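Look at the two complexes coming up: chain A is in both, with chain B in one and chain C in the other.
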Partner chain A sequence: MKIICLVKFIPDVENMQFDHKKNVLMREQAKLTINPDDETAIAAALKIKERAPETLVEIITMGPKVVMRKFQDLLRRDVDKGILISDPLYVGSDTYATSRILGKYLKTRKADYIFTGTHSLDGDTSHVPAQIAEILGSCHMNNVITLDIDQLFQGTALLRVNNEGNTLQFQMNPPGIISFEKSREYKMPYIRYGDFQRDVSDKMEILTNQDLGLKEEEVGLAGSLTEVSRTFMKEIAQKDSITVKNDEEGIEAVYQFLKEKGYV
Partner chain B sequence: MKKCLIYVENENAQDAVDLIEAVDHLYGRENAMVFGFGCLESLKNGEGFFDVLIPGETEKSLEYDVKNITNCMEALHQAYGFDSILIPANYVGRMLAPRLSMRLNTGLTADVTAIESDGDNIELIRPAYSGKLMAAIKNRGGNPLMMSVRQKVFQWEKPRAAKSEWRGFSFDTIEEPEIKFIGIEKQEAVEDIRESEVLVAGGGGSAGYFKELKDLAKALNGQVAASRKIVDREIAPRSIQVGQSGKTISPKLYIAIGISGAIQHIEGLKTPDHIIAVNKNSRAPICSIADLVVVGDGKEFIRKLLQRIYGDTEHTKYNE
Partner chain C sequence: METKDLLKGLEKMLTTEQINTDEEDLYDASADRYKKYAKVRRVLDVPKPKAIVYPNSTEEVSKLLMFCNDNKINVIPRSGKTATEGGLENWKEDTIVIDAKNMDQTVKIDEYNMQATVQAGVVLGDLEEELRKRGYTTGHSPQSKPVAKMGGLVATRSIGQLSTLYGGIEDMVVGLECVFPDGHISRIKNVSRRAGGPDIRHIVIGNEGSLCYITEVTVKLFKYFPENNEFHGFLVKDMDTGIKILREVMVNGYRPSVARCYSEEDAKQHFYHFYKDHSVVIFMAEGNKEIAEATGKGIEMAAEKFKEGIVEKVDSQLLEEWFENLNWSQQDIDDEYEGMLENDSHTGFTTEVSGDWETIIKIYHNVMKRIKEEYHRVEDLTLLGGHSSHSYINGTNMYFVYNYEIHCAPEDEMRVYHHPLQRIIVEETLKLGGSMCHHHGIGKFRNEWTEEEHGSAYYMLKKLKESFDPNNIMNFGTIFPQEEGKKYQK
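Coming up: the complex of A and B.
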């Protein structure tokens, strides 16, 4: 069985910078962290590998080379291979162009399943997994919380999916894309003591556009089908607020307000 | 006359009807011919709202089968050449919209919250970078313009108009499904915060006493909601999250306890009639949109207000 995991490193959402002139995110400066849903996807793949060690787990990420250190930490787990797709030409790609780039590589790889996260904390569009599914012609499922590992080795993926608090069950035939949401079921294993500094360069490969061979007009801002034409701070209609303290008088004011409007 | 296609998801037909308001913002309702596509049963709810209704082949055969729904909508686009395709960002819609946009080689803007349009020059507005900014997005691809929209962001409140025209369409690109829906394992009677007129919501500041919000919600006949900080810390489920990455709500009364009011949160508040903000910091952004600001500790606020609501003697629980 071969599983490819697609992983995104996202800027620390609380402290990120934005280049207002170019309308792009200044990823190079931002502190990066692995997207939580994607971490669940890797953890699920590694759990399968723990059960069946012959399973091959490959991780792919796309981004600037600064992700390398974090990426290597992932490879210090029981991961077989890591691919970093990185090229300055790719900066500014929208989800469409990003999916084209990843899809170009994935078309050359054979895998039984591709694992991804459902949401990313930064963009939160959930576009890329579904778009890659379309490029590869495979089926796809979002919000997966668990999959049945025994069933997986019987030839189909039995998936439990969270839809607004309801749990639905699906059966998926390979090859397919399974997008996880953060779940307690799959926890990323720790790096073994002694592996913290392990050299993992033999597991890692960096691919640039020279390797993928996309045309310049197919990637980056040029290859994007959507464009941010401007950004602005939202103006919020302010109200003339009444401010009170959390004392008897203040609580009375709240109570009278609720009473006047008919809530109590 | 512009032609627009709206996907009508099973069991969520109202969300599709609400997207007619988005069409109105794009071109003006009277300048557009609005098509609805979905399963027969669910399309019936669109009668009188859509101009044309085109049911999928059989009633439920396409349920959750995103690949085949994509095949059908691609066939419809080839036949009609839509100017825009709008998809509710529900469970199926979130998988369908990106897949269809890739199939049609057109740009897709997710979670649109506003539209600025003079008919030809169209900007789709969505929060970006975790809601720190709003971004205006332009489609650089050709037709159709595609967008997904979360529930309740737009609301179509006009009454049913003339009768819809039902059209048959022979879909000959339906393939053997690769995904089989087995069933619903657990259907919790989850209360939908979007349906509640009163919401008592807790943010990061309420982490230590979040459970107690329920008592206040109960006293006011409402439900509990949460900000992203509380959901990220796994104190509350995502299903009750308010904001850009959660739900858009329009209650009558919103009590925000320990919520600072980041844009991404405010984005989820669709014109509540009344907002009460309880915060230790009177400069928190939420305070400037509140009718009433209580400066202080949320836990103490809940206890004191419950005492006042229930009276001092009847509910000793709050008098200890």
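Coming up: the complex of A and C.
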């Protein structure tokens, strides 16, 4: 079986600052982190590989070369191959241009399934997987919570899907695109101590527009029909707070609160 | 030796009830609290012992040791299982654990002569409870008191929370009985003092099971006056001020049972409800009424001398409440294990060192600086601090505490986190002439520095080992570094 995972590296938005005057995220200060939904996708692929070591797992990312270190860390985790698509021409690509670029490459690759995340924390449009599916003529399912690995080995993907709070079950035959939600079911394995500095350059390939052959007007800002008119921080409602003392009454109050919320 | 032959050999000496080959118990016995996370996650990299045995008497211990000595079987002496430095970890395929569980009798409580004699398997907490009913105490109060046993407490040269008044275990032990690998039983009699050559109690106290097996201990008793306890506490500007206050109390001859100074970071985890982002100094004065009151006055005078560095006094009621809940229980240990199963975290690690007054604060600052500047996973740290908790006229200890989010495989946790941090602490301590190990024992994971710790005196330690344990069967790898064991350390 071959699984291709699409992964996006995003600014660590939980620790990033927002410039309210310019209406932009101050990305320069932020560290990069792997998009949580994409991390779940890769973790799911590696879990399948753990069960069936002959499974090939390839990861693809599009972005500047500054993502290299994090990307290589993924390759140190039993991923077989990594493709970094990077070209200055691609800067400013909207979701459709991005999908076009990724789709161009994916058309040249055969895979049983393409795993992606459903949302990205920094964009949250959820466009790319669906657009790629359209470009590839592939079926696609979003908001996947889990897939049945045993069924996968029987030749079909049995998917549990979050549908606005309800859980539905779908079946998908390969090839197809499966977009995961962040889930505790699939945990990214850690890099082993002996592999922290392992040279994974033999597993990596960097592709530029010269390799993909897209026209300039199809990519980057030139190829992006959408533009962001306004961004804003979600307003966080001020919640009530209760102060208790460190005495019997206070402890009882905390205990009852936790019990009410289902933590005890 | 083939396992079946080993077990046959044991069966000739013990009953079947005294021999445990349960796989889960053997897995549990292969490592102690040092590798707690790997143990819970079932990824221990060390061999299991072949059996755990429970001798009923000193004579049975003697037979067991002779058998192991003749057959080159590694022996891990064990009692309370509260070891924290790998002292109970197994590094050899052919190993048995000799557990003192069945040697749990209180032999004699001698109130007139102020001594109590107990077998190695007696729980300190149980002894203490019995003594307190009679108005006495051992004065020994490590955090593990509710579960730790006397044999292990003596073997590790342990110390308790009240040591500044009562001393460490080495000050409390009057006499003892132990068994050497050749089967010889030695009994050191109970006298108040002797000058009959070197004090041979100290060959046994702190040997960590690397020389002999302790079977019985006699400790001093003290009268117990809990009604006179006085708590004194202060928020201070920094650790330097706190250490100076501790020193002032000690050099003027006062002996509070508790004398502690916590850094802000460490204070946060213990005293979150009153520390106000400051270091915290705590004392408890204990003893008969006149002594406790005089000690309390001495503490106040010391604080007055350094009042520029004092932010405010702490309500003594808060300190008393904290102190009442300081000790572990078996439930706490079990809860930590459950927590480690569910989360990528645990309750942290410590490295405890000692030094003189001048040196200890330098060690503290050097370590803090080096870790923050050098440690490659500093962003994973959730706690880095320290406290002084055992003071003497000529110095004190520093108990470095650290915790972290574990972002690595459980098998790698020690290499990624604890070992590099411990290395910095040990290096800085030895560089400044301190001791790398105040009271937990060297175990197996500081043994690479044992020779540096002792310098030219290492000769004496080595000769003891060669003399008493020429076949190297006693707790292989503890205290003395072993090439064969390096693979479990790195």
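Definition applied: the second predicted complex is superposed on the first by the 210 of 264 C-alpha atoms of A that agree within 3 Å, B and C clash if a C-alpha of one lies under 4 Å from a C-alpha of the other, contacts with A are read in each partner's own complex, and residues count from 1 in each chain.
The definition used in the following text is that contacts are C-beta pairs under 8 Å (C-beta built on N, C-alpha and C of every residue); 3 or more make two chains touch, one makes a residue touch a chain.
Treat the numbers as computed from the prediction; the structure is a model and nothing was measured.
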item: Which of chain B and chain C A:81 touches, first, second, both or neither; value: neither
item: Partner chain in contact with A:246 - chain B first, chain C second, else both or neither; value: both
item: Which superposed partner A:189 touches (first chain B, second chain C, both, neither); value: second
item: Partner chain in contact with A:70 - chain B first, chain C second, else both or neither; value: neither
item: Which of chain B and chain C A:96 touches, first, second, both or neither; value: first
item: Touched partner set for A:47, first chain B, second chain C, both or neither; value: neither
item: Partner chain(s) touched by A:170 [first = chain B, second = chain C, both, neither]; value: first
item: In the superposition, chain B vs chain C on chain A residues touched; value: B
item: Doubly contacted residues of chain A, that is, touched by chain B and again by chain C; value: 246
item: Chain B residues within the chain A interface of the complex; value: 64, 66-67, 70, 91, 94-99, 101-103, 105-111, 123, 127-130, 132-141, 178-188, 190, 198, 219-221, 237, 239, 244-245, 252-253, 263, 266-267, 273-278, 282, 285, 287-297, 300-301, 304-305, 308-309
item: Touching residues on chain C, where the partner in the complex is chain A; value: 273, 407-409, 411-412, 415-416
item: Interfacial residue positions of chain A with respect to chain B in the complex; value: 13-14, 16, 18, 23, 25, 94-96, 99, 119, 121-131, 133-135, 138-143, 158, 160, 163-173, 176, 224-234, 236-239, 241-246, 248, 250-255, 257-258, 261, 263-264
item: In the complex, chain A residues that touch chain C; value: 189-193, 246
